[in-house]
Amino acid sequence: MLEQTIRKHQEDKKLLLMTHLVLGYPSFDVNRAMIKAMAAAGVELIELQIPFSEPMADGPTIMQACCDSLDSGTKVSECIAFAEEVCAEFPQIQFLFMTYLNIPYVYGLKAFVEKSKAIGIQGFIIPDLPLEESEQWLELCQEHQLSNIFIFTPTNSIERLQQLASVADGFVYCVGRRGVTGKKTDFDQELAEQIALYRKHTKLPIALGFGVQGKEDIEFLAGKADIAVIGSKLIQLQEEVGAEGVERFLKEIRADL
Amino acid sequence: MLEQTIRKHQEDKKLLLMTHLVLGYPSFDVNRAMIKAMAAAGVELIELQIPFSEPMADGPTIMQACCDSLDSGTKVSECIAFAEEVCAEFPQIQFLFMTYLNIPYVYGLKAFVEKSKAIGIQGFIIPDLPLEESEQWLELCQEHQLSNIFIFTPTNSIERLQQLASVADGFVYCVGRRGVTGKKTDFDQELAEQIALYRKHTKLPIALGFGVQGKEDIEFLAGKADIAVIGSKLIQLQEEVGAEGVERFLKEIRADL
Amino acid sequence: MSHQKQGYYGQFGGMFIPEILKSTFDELISHYEEIRQDPTFWQEYENLMSTYSCRPTPITPADNLSQYFGGAQIYIKREDLNHTGAHKANNVMGQGLLVKRMKKTRVIAETGAGQHGVATATMAAKFGFDCTIYMGAEDVERQRPNVFWMEKLGAEVIPVTDGTQTLKDAINAAFRDWTGNMDTTHYVMGTVCGPHPFPEMVTWLQSIIGKEARIQMLQAVGQLPDKIYACVGGGSNAMGIFSGFLEDESVELIGVEAGGDGLQTGRHAARLASGDSTVGICQGYKTRFLQDEDGQMRDTYSVAAGLDYVGVSPILSHYHETGKVRFEAATDKEVMAALELLIRKEGIIPALESAHALAQAFKEAPTLSKETKILINLSGRGDKDIFTIAQAFDDQKWKEYIIQKGEQYNA
Amino acid sequence: MSHQKQGYYGQFGGMFIPEILKSTFDELISHYEEIRQDPTFWQEYENLMSTYSCRPTPITPADNLSQYFGGAQIYIKREDLNHTGAHKANNVMGQGLLVKRMKKTRVIAETGAGQHGVATATMAAKFGFDCTIYMGAEDVERQRPNVFWMEKLGAEVIPVTDGTQTLKDAINAAFRDWTGNMDTTHYVMGTVCGPHPFPEMVTWLQSIIGKEARIQMLQAVGQLPDKIYACVGGGSNAMGIFSGFLEDESVELIGVEAGGDGLQTGRHAARLASGDSTVGICQGYKTRFLQDEDGQMRDTYSVAAGLDYVGVSPILSHYHETGKVRFEAATDKEVMAALELLIRKEGIIPALESAHALAQAFKEAPTLSKETKILINLSGRGDKDIFTIAQAFDDQKWKEYIIQKGEQYNA
C-alpha cells in the first residue's frame, strides 16, 4: 500500500519529501503547526517520532528534543491520540511512527500494530529492531498491511542488502554515511555510487536520510533517490524561525522538484 | 669528685636539689637570671641542657623549649661559652651537661669531654647513650675525671641495675615511672619501694627525677632519695612568674630541708 | 524471538542493534568465537592478568568477622587487589587482547563511577590504543579524581550532557560514537549487558574469578562454599564468580542489588529484588528494566554509582526467573554499616558497590551454622571512592580539609 | 663502638635507646631472634601475605617503555599491588605476627605521607590491636585522605605539633609514647632505620620482595637483572628487593634518593647521593644525617613525603661506604616526568616515592644495550596521592573541582 502511494506521487514529482518531528516537542501545538506547514509545502511522508528515553541511534538534536518532550510529560497515549488526529486531518500525507522498540514492546506489539492501523498510520521505522529480532513484528505488520521500513547502510555487505531487500516493504530507508542522525553528510560522487548500489538491490523506492541540510543536497538527490528525508534540520529551523520558517524552507526546496 | 661533693652537702641537708634548664630558652639572659635564682635558693646541682633538634626522651615542655631555643638560633658554641661563664660565677654549684649524644658526637667526643672539663663541668646526662654504646665515652670521662650519670628505671631488671651500678659514677639518676620527662609521677608507697630497690643496688647518691611538682613531692622524697630533680616544672614557672617566682618556689621547698 | 537464538537466555538477551552496526557485530562475534575456541587466547589472557594485575587474586578468610557474627565462616574473594582496584580490569584486559586481534586502534567505553573508565583507559595505555570515555556530565563532576586519572592515562573524557547525565546516557553516547567509527573502534562494554555477544563474552572473561575461586576454596578450605554473595550492577562481577559454580547444585548464589533508600521508597536500583521492574528492550538487549508504564526508563538511585543502572544482565534476569540465583537488595544505610565493619574488623576498604554483597552476607551470616562457609566477592576497593564515602559518613574533618584546600586554590 | 657489635653495619647502626626501653628492646630482640630461627614464622608470614595481600606480587615486563627508550629491557616489580597499595604492608603484617607472639595488645607507629600509618592501622584492625598513629601536624593537614582511612580503621591519629611537624617529629613522639607504654605496646617502625633490631628485622621482613623477584626473574626472563633500581626513603623497599641479590656480583644495585629542587639548591633529601650529609647519631641509630655543623637536623625537602627524611638506613650507609650500592638522586621535575611516562606508556600509576626509582632508571635505560635487563621496584601506587599529584601537575580542573566541593560543603 505504502509503496503504491509513493509510486503514484512519483508520477509528477522528481523527489518526494519525508519530514520528521518529535511528538510533544516542544509541544503538541507546535507539532500541529509544523504538520500544517509541511502539508502546505506538499510533503508526502512524515515520521512521527514517539520519544523514548534512550534514543541510542539519534543525534544530538533529535535526542535533546526527545528528552525535552519526555521532561514535559509526553505520554505514549498522547502521541497515539495526536497521530490519530493528524492522520484524519491530513489524509494526503503518509504518516509513519518512528520510535525505539521498547515503546511498542511495552505497549504490546500486537496492540501497538492494531492501534496504529486503526488510526491510519502507514508504517514503522524502528532503528533498534534488526531483521534477526523482527520475526513476530513482521508477521503483525503483514497481517495488518503496515510497512516496517528497513534500513540500508554503507556498512552492509551485498549479502546483507539482499537479505534486507527480501523482507523490505513500502520503501527502504537508506543511510548515506556512518554515524547517527543530524550530522552533515558529504553529498558527493561517493554517495551517488552508494545510492546506485542500494538501488541495485531493491526495487522499492529509496529514501535517503541522515544529514539533508538544504536545497543543494536536495538537488543532488533528485534523480538519484526517490525520497529525501529531512529530520534534525527542521527541528533546528523550528527552534530558530518557527513553523512558518519551516514552511518557507520546505516550499523553497519543493519549488524545483 | 662529684660524689664527694654531694656527700659533703648531705652532711647538713636532708635532700639536695638538682634543677634543670634549657640553654638559650627563652634566652641566655633569662638562663642567667634563673641560675642566679637557683643559686640564691641554694640549689646544689644544675643540669644545663644543650638543645638538640630531636629530643626523643623529653616531654612536651622541655621539648618545646629546646625547639624554641634552636629556632632562636642557639649554637652549641654559645651553650659552652655560657656554661663556662656560670661555672666560673657559681663555683658552689655542680653543673652538668644534659644533652643527646649527637651533640658531643658531632662536636667530637674527645674534644667535647676536654672542653667540658676545661670550663668546669662536673659530668654528663645523655639519655640516648646506653651502657652498650658508651665504651669510648666512659674512657674519656674517666680520663678527665668527669661523671657520666647512668639512669636507673623501673623497667630495669636486677641484673641490669647491677650492671649499671658497676659503671655508675657521681650519682645515679633514678626514674620514678615509665614515660618521658615532665609528667606527674604518683609519689606513693610503690615509689618508695622502687627507690629502696635502687638503693639496694648502688652506694652512690640517688637522684630522683621525672615529675617533681612541688613541696609535697619533695617532702615525700626526703629521707628516701638524696637528690630531687626539678625540671619541667621550673620551665613552666619561669614562663608564668619569671625567675623571681622560681626563686620563691625553690626557697620555699628548700626551707624544710 | 525464539529461545534457541544466539545470545538468548530464556526470554532475555538478544541483539537489538541499529543496522549500521550489523557488520561490526558480525565481526565481533566471529572474533569472539575464534578466541573462545583458541586455547592460546585464554593462556595469553591468564598470563597478562598474572603479570600485569595480580591474578590469581587471593581468598582471605575473614576470621574476625566470622567470630564477630558467630555464625557462618566467611571468606572473601579479593578482586579489590586487581590492578586499578576492581574486577573491571579482567574484562578490559581481555577485550584489549581481542581488540589487538581485530586490529582496531581505538577503544571507547561508557563509565558511571569511573571505575570502568579508568580500567579501559589503563588498558588503552598498555596496548597503545586511542581511547575515548563517555561519562555523564554529572558523574564527571562527582568523580573528578577518576577523570583526572583517565586524562593522565591519555584518554579523552567526554561529558555526556543528555538525559539524566549518568551511566545509561553514557552508554547511548558510546553507541552513537561507535555507529560513526566502527571501522577503527571497539566499544569496550563494561559489564554483562548490552547486545550479544557482550553478556556472554564479558561473563566469559570475568569467569576467571569463579574458576580461581572454586580451586582456591577446594584447596584452602577443602570444600565448596555453601553460599556466594556478589553485588549486581550490570552483573559482571556476579556472573564472574557465579560462573565457577553453576554446576554445583549445593552452592547457593545470591546477587545483591542497590536498595538505595529502601525498596518501598522507590528510590533504589533493584531490578530483580524489587517488584518494580518489567521486561523491556533497551540499549541493545532484552531484560528487566526499571521503567514506567510507557517503557520510559526511570531514574534510579544508589549511593554506589556502579550499581545505579536501569537494566541488568539478561543472564541474571534469566537466573532470576529460573530461581538459579536469589536476589536481594541492601539499602544505603546497611551498606555504609557493612563497609565500616569490614574496614574495622578486617582492615579492608571495600568499594561502595562491593559493600552491598557484604551487607547481605552480614545479614545472613549470624543465622547460619558454624559449619556453613560463605564466600563474598569483593569486587573492588573503596579508597578511590573517598569523596563519596567521606561525604556519606558526613565526616567533618574531611569537609574542613576540602574547604581549606578550595580556599587555598582560590587564592 | 666496635664493628662486631650486634646491630652494626660497618660503623653504622647500633642501639642508642633510653635506658627505660632497655628491657623492651631485650624482649623484642629475643622474640625477633626466635622468629628468625623458627621456620613456621616465615611460613605463617608468607601465608598471611598470600591470602591477605596478593603476594607474590608480579613482575611486569614494561615492553612499551623498553621500546620507547630503545635500550635496556625494563621489568617492574609490582609492590603497588599489595593490599593498602605499597610494600609497607609487608613490614607491618610481619610485625603484626610478632606482636601477637609477644602478646602485646597495642601498636603505635609514625607516619609521614600516611602510607605506613594506613598500613599499620590496617594491620591493627586485622589483628585486633589498639592503634595510635603519630603524624606531623603539617602532614595531617596535607594527607587528610590517609587520616580519614586510619580513623575509619579504628586508629587514633595524633597530630604532632613539635619541631618541623613532619616525619622525624612523629618518630620522636612515637618513642615518647613507647617509653610510657612499653608493657602493652609495640612500636611498629616503618622502615629499616632506628635502633637495632629494626633495620635488620624490617629488612628481613621486606626481603620477601627480593626473594620473590630473584625467582621470578630466573623463571620468566631466564636470567638475573643486570641492574636494580629502588627509591630510598628510610630504605625498606630498597633493602627488601636488594636482599634477594646481595650475593650476585653481576647485579648492580642503585638506590635513588629525593633530589627535590636539585642537589645544588640544598632543597632535597639526598643523604647519600649528595655530599651534604655527615655521620651522626639520632633517633636511636648511627648513620649519615642531613644535619648542620652542630649536629642539629636540617629541614629536608621532596615532593614525595615518604622520602623526605633526615636519616637513612644504617645498612645503606654502610653499602654506600663500601660501594655495594650506587646512590643517585632524582629531582621533583624528573620524578613528575617519569610518573607521567609510566602512566601513559604502561597504564600504571606509581607513588611519587616509587617514581624516583623510575626517573633514574629512565635516565640510564636509553644508554644501555638491548641485552641489558633492568628491574625497577615499584614500591607503591599513586592513586592515593591524588591531592599531591594533581597539585604538582597544577591541574586546573582538579582545582576547580576542589573549590566547588569546598563551596558546597561551606554552604
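Per-chain residue numbering starts at 1, and chain names A, B, C and D are given in the order in which the chains are listed.
The rule we apply is simple: a residue touches a chain if its C-beta (ideal position, glycine included) is under 8 Å from a C-beta of that chain, and two chains touch if they have at least 3 such contacts.
Predicted model, so just to flag it, every value in this text is computed and none were measured.
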item: Chains touching both chain B and chain C; value: D
item: Minimum number of chain-to-chain contact steps, chain A to chain B; value: 3
item: Most distant chain from chain A, judged by the mean position of its C-alpha atoms; value: B
item: Distance between chain centroids, defined by C-alpha means - chain B, chain D (Å); value: 38
item: For chain C paired with chain D, centre-to-centre distance based on mean C-alpha positions, whole Å; value: 34
item: Centre distance in Å when chain A and chain D are each reduced to the mean of their C-alpha atoms; value: 66
item: Residues within chain A bordering two or more other chains; value: none
item: Chain contact graph, described as a line, ring, star, complete graph or other shape; value: line
item: Contact pairs between chains, per stated definition; value: A-C, B-D, C-D
item: Complex contact set, residues of chain A against chain C; value: 52-60, 63-64, 67, 70, 75-77, 100-103, 105-107, 127-130, 132-133, 135-136, 150-157, 160, 164, 175, 178-180, 183
item: Touching residues on chain C, where the partner in the complex is chain A; value: 1-2, 5, 14-24, 162-163, 168, 171-172, 175-176, 179-183, 278-284, 289, 291, 293-297
item: In the complex, chain C residues that touch chain D; value: 50-54, 57-61, 64, 78, 81, 83, 85, 121-126, 128, 141, 144-145, 147-149, 152-154, 220, 340, 343-349, 383-384, 386-387, 390, 393, 395, 397-399, 401-407, 409-410
